[in-house]
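A single structure is presented below for examination.
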């Protein structure tokens, strides 16, 4: 099967800091992959490159076989890639439902269609669907800027999902959220993803979440892919345990 | 506000202004001038909704005024619809070209660059002997569809300006319900997210800029016709600054308040310049301080604005 | 040949004047991230203070050379007072607002100061040309310049040297650079950002007032003189890149030389030329010649 995302020899450095060193990754369509690594291992940089926010120094990224290096984040989004952010990127003075309506309207904001009236009723109906899918009905009329962090994370993801993407990148979907809410968020998101056969890559620090929700796990260390395998294999790997999870080496 | 109620409201306001003008001929000129300035301010408000403040709205106000003036003065075209049509075309063309330069800028950079661009025109106009230099020149014997306007025809002038003001409000209202219009409010809040939704922030900035330029040009052309005179002051940054003050006063939550604010300011000015000519700007400055400090809602476009809570969902 | 030389000399003199005032704007922006639209009014205020001081000084029949002390003292006292009142009394009230809102606040301040100046000094012009004659004339080839014009160049060079060496070589300068670089991080490091803001604002205000005071003897001091100045200063700092001192030097030189060339060869485009050059610079370098890129972190 052709991978949904394929990177070859991806390189990126910021001055003396190497954020990506020969990264070769294949992500199969419809799979859910966890991405783990210490702070500064290059996880966010990787997502930023995949979504066109940063341009790699060299190497190739293909989306369903099409080269996307050099495209802007806007163009990549239009090809069916969506992302959420470590710090949710919301419209703080809009309510949740208005934010989703706006996100839905974005699909039309191109060329002459952008000057056509949007159908308020249709936008609202679809926004309500999204709210329900992510369990946000109760916050429909709250301003995004006033929502608690866990809800902000979910809204950020729901906004990303408004374009019905094929590939979704989640940058730390549960960071800054109370432990008991983490699973609730992931349950929602993964259910929605499985429902539509979405390809997902998520960055995560909580190994329990990684184990529970991933089909595959990529471990990054100092800009390199340390290991790329099934969750059990990766999480029991000695290097991963010492370098990333931070356990004392092997006298267990 | 739903569409039917909105259109009913502006129809009522339109009739009300027409009646007031009929009943009090003495204020027709002032009303008409305020409405034409209001058009330029409406353009500014549409940009504020996208999070941008222009300190150079005078550029297109002057383009409008001078287009009408030059055509009537040098080419003997006296039909206002043609003059305004030409102003619209010229401002659209110029704004399109300029928009590619300024679409990269936001915040104070945008404000300063628009200011500098208006000063380019000012610098040219001041030194152009053919156009009367600092003094400008007169714009006379204009008709609108055959009916004389400007000069002493004050009530018919008011009705024409009122028509354009209402047209401007309707056009802005319709635009705010298109996809680009919707995305503009997102732009003010979070540009990164807008780009990650697949919409072009720069394109939306360019559209807002051109639209706002056209409104200013119509306002400028009408003002030139009303006053019967155009001069480089129209492009001067103090003129643009005044538009910003009016926009701040009116807030950007509504498309109607810019006109109300323009009206208030014109009235206050007509008294202030008479009785306290050296404290008019001081008063204006203090009003801005007070608005920013105590009424951030008046500053709606720059800070927060929110329609009423919408439809309830589920629970 | 001599006209080229004249363009060069006029340009440099004009650049020196621009720099003295614009570097204050740069400093205030650098530290406080406020683009001060009232900067021209500070300049005008300095000019009026100087006009009053010189008027009093000569009326008292004191030795003429002391007039220069009067010029500097009036700028210093006027600048400090105005800076203190504005920063403490007004800007403090608006702390933490968006840069664009602060732009409006300083615009309102500009409006207020315009009228305040008229209320204090009236609307009649002040003419205090006496100091112009005190420094004789300087001949360069066939060109003759009042010696006073070189005083402005000397002051600008001094300001530049003092500011640069303060920023680069002193411990306080290092702190100030940290504040300019990132106010939030600086305050977590225990730097009193509020105090440094006040220092920067007053310094900027004194520099603008100094520019005005030095100019006062060469012009007639009238209401409305602030307006042209502030937009020209914007051109300078935009060309150089906001918040950069080397950028301000380059910006001042570009504007100074372009303007003097325009005045000599094609006077009709004088004002136009400055902003046209500015637009040109921005087409090539959108952030000005010296500004670093700011990438928002996500």
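We just call them A, B and C in the order they show up, numbering each chain from 1.
Simple rule for what comes next: a residue touches a chain if its C-beta (ideal position, glycine included) is under 8 Å from a C-beta of that chain, and two chains touch if they have at least 3 such contacts.
Treat the numbers as computed from the prediction; the structure is a model and nothing was measured.
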Identity of the most central chain, Cα criterion: B
Chain whose average C-alpha position is farthest from chain A's own: C
Centre-to-centre distance between chain C and chain B (centres being mean Cα positions), rounded to whole Å: 32
Gap in Å, rounded to a whole number, between the CA centres of chain C and chain A: 49
Chain A and chain B: spacing of chain centres that average the CA atoms, whole Å: 43
Touching two or more other chains - residue numbers and ranges from chain B: 192
Touching two or more other chains - residue numbers and ranges from chain A: 89
Per-residue multi-chain contacts in chain C, two or more chains: 298
Residue ranges of chain B touching chain A (in the complex, touch as defined): 174-175, 177-180, 182-183, 185-186, 189-190, 192-200, 203-204, 207, 304-306, 309-315
Touch list for chain B against partner chain C, complex: 53, 55, 101, 104-105, 107-109, 111-113, 115-117, 119-120, 122-124, 126-128, 192, 237-238, 241, 244-245, 248, 278-282, 284-289, 292-293, 299, 302-303
Contact set on chain A toward chain B in their complex: 51, 72-74, 77-78, 82-83, 89-95, 97-98, 101-103, 105-110, 113-118, 120, 124, 128, 131-132, 137-138, 140-141, 143, 159-160, 162-163
Chain C to chain B touching residues, read off their complex: 35, 90, 93-94, 97-101, 103-105, 107-112, 114-116, 118-119, 123, 227, 231, 234-235, 238, 242, 267-276, 278-279, 282-283, 286, 296, 298
